[in-house]
Each structure stands twice: as C-alpha cells, then as structure tokens.
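Handing you this structure, nothing more for now.
Going by the order they are written in, the chains are A, B and C; count residues from 1 in each one.
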Amino acid sequence: MQTSIPKTGIRPNPAGDWPKIDPTAFVDSSAQIMGNVIIGRNVYVGPMSVFRADEIGPDGKVHPVIIEDSTCVQDGVIIHGRSGTVVQIGKDANISHGVVIHGPTTIKNDCFLAIRAVVYDSVLEESVWVGVAANIMRTTIPANTWVPAGAIIRSEQDTLSFRLTNLKEQQYKKDVFDASATLRESYLKLYGG
Amino acid sequence: MQTSIPKTGIRPNPAGDWPKIDPTAFVDSSAQIMGNVIIGRNVYVGPMSVFRADEIGPDGKVHPVIIEDSTCVQDGVIIHGRSGTVVQIGKDANISHGVVIHGPTTIKNDCFLAIRAVVYDSVLEESVWVGVAANIMRTTIPANTWVPAGAIIRSEQDTLSFRLTNLKEQQYKKDVFDASATLRESYLKLYGG
Amino acid sequence: MQTSIPKTGIRPNPAGDWPKIDPTAFVDSSAQIMGNVIIGRNVYVGPMSVFRADEIGPDGKVHPVIIEDSTCVQDGVIIHGRSGTVVQIGKDANISHGVVIHGPTTIKNDCFLAIRAVVYDSVLEESVWVGVAANIMRTTIPANTWVPAGAIIRSEQDTLSFRLTNLKEQQYKKDVFDASATLRESYLKLYGG
C-alpha cells in the first residue's frame, strides 16, 4: 500500500496521460481529475467531483472523458469509463450535485441532469432533461425528452410515454446555466485564475 | 485554470464571506465548508461533506446555509443554495450519509433524513422522517410525517396517504442522535478541539 | 472547532484504532480510511471513498469494517457502522461508484453492487447482484439473487419474485473484476507501492 501520493487532485493515470484543462475552466481544488480527461473552455467543476479516465483498453490506450465548452459540473459528480470506452459531454450542459455518469456514454449539447441522476452506457441526444434521481441504462434518449424524477430507464420502450421539455423547464435550465457561468467567473477571479 | 488554491476545506466564497463555525462544533478535515455558512453549537460534520453558499443574489449578497445547534451531518452530504436562497436546518436534526439538500429549503428541528435522501426547494416541518433514497421536491411536509424509502414527492398530494412516525422510529432517531453527540465529543477530544 | 487535523485520509478513530491495510492493497490518496478498518490483500479503493469505524460500543470497543481479499471499491463509496456493529465485505466483491453500506451488514463473497446501491442492516449471501440505485434494508438476500435497479427492499417478502443472475451478468461481473485487478496493479506500479 502507498501513502505518499502527492495531494493534488489533478494527476496522471497509470498510462501516463495527464488531464488537459483549458485555462478558462475552473476546477475546484478538492476535485479529483485523473488521467485522459479533456476539459474545454469555460467549464466549471465543483468540489469533490471525480473524473477518472484510467482503464487501459485492448489497444493499449485509455479512452478519454471529454467535457466540452461551457458545461457546468456541480459537487460530488462521478464520471468514469470502462476500459476502451469514451465519455463525452457536450457544450452548455448542466450536471447537478451527486450525478454519476459511466462510460460508454454520450451526453449531447444543452442537456440538464438533475440531482443524483445516473446515466450508464447510454446516449442523451440534445437538450434532454433528466429528473432528480432518475436512472438511465443502455438507452438512447431522444432530443428534448423530459425524463421524470426517479425513473428507471432500461430501454427505449421505457421512454415512449415521456413528454418533451416545456418552456418553464427551458427557462429554469437557462437560469441555472447563467448562474453557473457567473460562479465560474467569480471563482476564477477569487483564485487569480 | 488555477491549481494553487490552499488545501483547506474551510474557505471563503467569491463575495468574501467566510464560514462562521461555533468552537463547540466538529468539522472533519476532509469536508468542504465554503462561503456564507453558519454552523451552530455542538454540530457534527462528517468526512467529504460539502456546504457551499457562494452564488451572489440580485441584492449583491450570498444568502446563508445555516446549520443550527446539535445537528448531525454525516459523510458525503451536499448542501447548496441557488442565488438569493437560504438553506436552514434546525436543531437536533440528523442528516445521514450521502444526503443532498438544495435551497431554498427549510428543515425544522428534530427531522431525520435517512441515507441518500434528496430535499429540493421544500419545507420539512418539525420531526419529519425521510426514508432511504426518498426525494422531496417543491413540497411542504407536515410535522411528524413519515416519508417512506424511495418516495418521489412532487406536491402535497403525494404525501396525503403517509402516516406519522411511530414510537420505534422516534426511539431509533434518539439513539442515532445520542451516538452522534458522543462521536462529536470524541473527535473534539482526539483532535484537541 | 479544529482546523489542524493532518491532511491524510488514513487515520485513527477516537478509540485509537488505526486502519490495518495489507501492503498489496491500493487505496487512493483522496479516500478517507478511519479507525478500525481492516483491508485485505489485493483490494482496490477508489477516490473519495470513506470507510469509517469510529463509534464506540457498549463494550468500550469500536467494531470493525472488514474488506476481504481482492474486493474492488470504486469512487465515492461510503461504509459506516453504528456503534457495536460490524460491516464485513467478503472476497472478490465489486462495490460500484457511489454505493452506501451501513452496518450491521454482511456482504458475502462475489457480490456485485451496481452504481448508487444502498445496503443497510442486511445480509447479502454469496454472488448477489444488486442493480443500479437499489436499496436493501433489514433483509437477507439469498445467494445468486438478481435485485433489479431501483428496487426498494424492506423484507424477504419483497425479494420472492426475483430471479437468479444469468450467464451474461456473471460474465459482466467477471469482466469488471478483471479490469479492477488490472487497475489496482497499474496504480500500485504508478505510485511505487
């Protein structure tokens, strides 16, 4: 057992890949960003989150965890991929407190994942809304779908009765997005980023 | 991006507010307590919890997260409020492992939130019991209500069939409360608090 | 309140018990391992996990949290026991991201707990599969049972209709297990363990 790992959250994986984090992003000092993780412009990463790309695939490489521009990731979010799989989160997405995302997974632009949602081996098309504590497994969710809180989604069958997001939800999403952008700016200023 | 934030969990928010923590409280060294957070007498805060009051409201201020006297907050709990909102947790409450509480929310005295409960934009009157992995959104829960494990509460309609807590649950709550008080005392002694 | 606790995750409890961690195990530097915790050979413990054995029982002792050989514990897992209770996790188990296990609980060899499962005051016999976000309370689960995602289990009655794990799930479990063993080896090598 080791006890001497340097106490920084941004660190390489066993294949030697270091995270690539855009200078305009803000990553809280308590977050753990490990290995082949690519974080784009204007991303916010909250306290205690873990992004971990570290399982070496059959091709000898670790596939990436990618967070695209202006996406907000709140506290205690866990993102990990199995060996040989990619996690890609598009632009302008909101990943709330305590979400778990497991690869292979693609979350396209402008999605909103509420508190404690779980997404595993799935695709969320653009502007999907995932309610509090909803669980999505091995399913592609069509664009603009509203997944209710606590839903257990195992296949596309389970999503057929779901409505689309309404104007109120779209406004709420925009408000959260704007607040997160302000937060990122203010933390960059606080810490001289 | 910054990498030089001081590695302490108790720190200011971008508005310059520092947490105010009573000397009789115990906060684990791995917890992140950020910004306008007010922690009362004899509170216990477990490892890896995040209390974060950092979004500046329309009035230019960050509204507080308040934890009143003798409340126990276990490991991995996340408490956060949107800009302009308050989170207030009353006295003698028990907030179990992995709970998420999001403002605006008021949790009155003597409530018990079991493992992985989520409370969002809600009011819990006194002595409410929230079961394991129950999710409460935009609802006021009457005093002494017993919310079953896994419940998804979106409105007062969803709570009409719930019974009140029974003597067994009240005793259990008291046992947990006493154990937490002992734990807080023993950690203060261990670390010379 | 204290602010001077040493910033290491492996530390004693108030009774003075230190974790006992086998030299062949790997514990991530951000995990918090506190008190009477016994970690066996070839165990992997991921980032941000908390194993905490710290409540002193009526006999003046803190009962242990035991993780047996070759078990894999992923990110953000919380394991805790009430005073006077034991948590024992057998060999070759997989405890996924964000699981909470609360004592008294016994999880026997070769169990698979998927993302965000909660096990409280229960016994899982050998090779049980617990689905994503399933919650098990005060119940003994027979060997080889497949507990579906999101299930709320309060008694053995709730498990009577469950099938056994199938060959596909057993293969998946083996794949995850092998990947975790590789991960442990590669991190031990990275950090010179």
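The rule is short, and it goes like this: a contact is a pair of C-beta atoms (placed from the backbone, for glycine too) under 8 Å apart; a residue touches a chain by one contact, two chains touch by 3 or more.
On a predicted model such as this, the values are computed, not experimentally measured, just so you know.
Here subunit B and subunit C face each other with different sets of residues for the most part; under half of the interface numbers are shared between them. A turn of 120° superposes the CA atoms of subunit A on those of subunit B, with the angle given to the nearest 5. Rounded to whole angstrom, the centroid-to-centroid distance between subunit B and subunit C, based on C-alpha atoms, equals 25 Å. In subunit B, the positions touching at least two other chains are 7, 48, 76, 98, 116, 133, 150. Those residues of subunit B that touch subunit C in the shared complex are 7-8, 10, 21-30, 39, 46-48, 74-76, 97-98, 115-116, 132-133, 148-150, 176, 179, 182-183, 186-193.
The touching residues of subunit A, when paired with subunit C in their complex, are 1-7, 9, 12-15, 32, 34, 48, 50, 52, 54-56, 76, 78, 80, 82-83, 98, 100, 102, 116, 118, 120, 133, 135, 137, 150, 152, 154.
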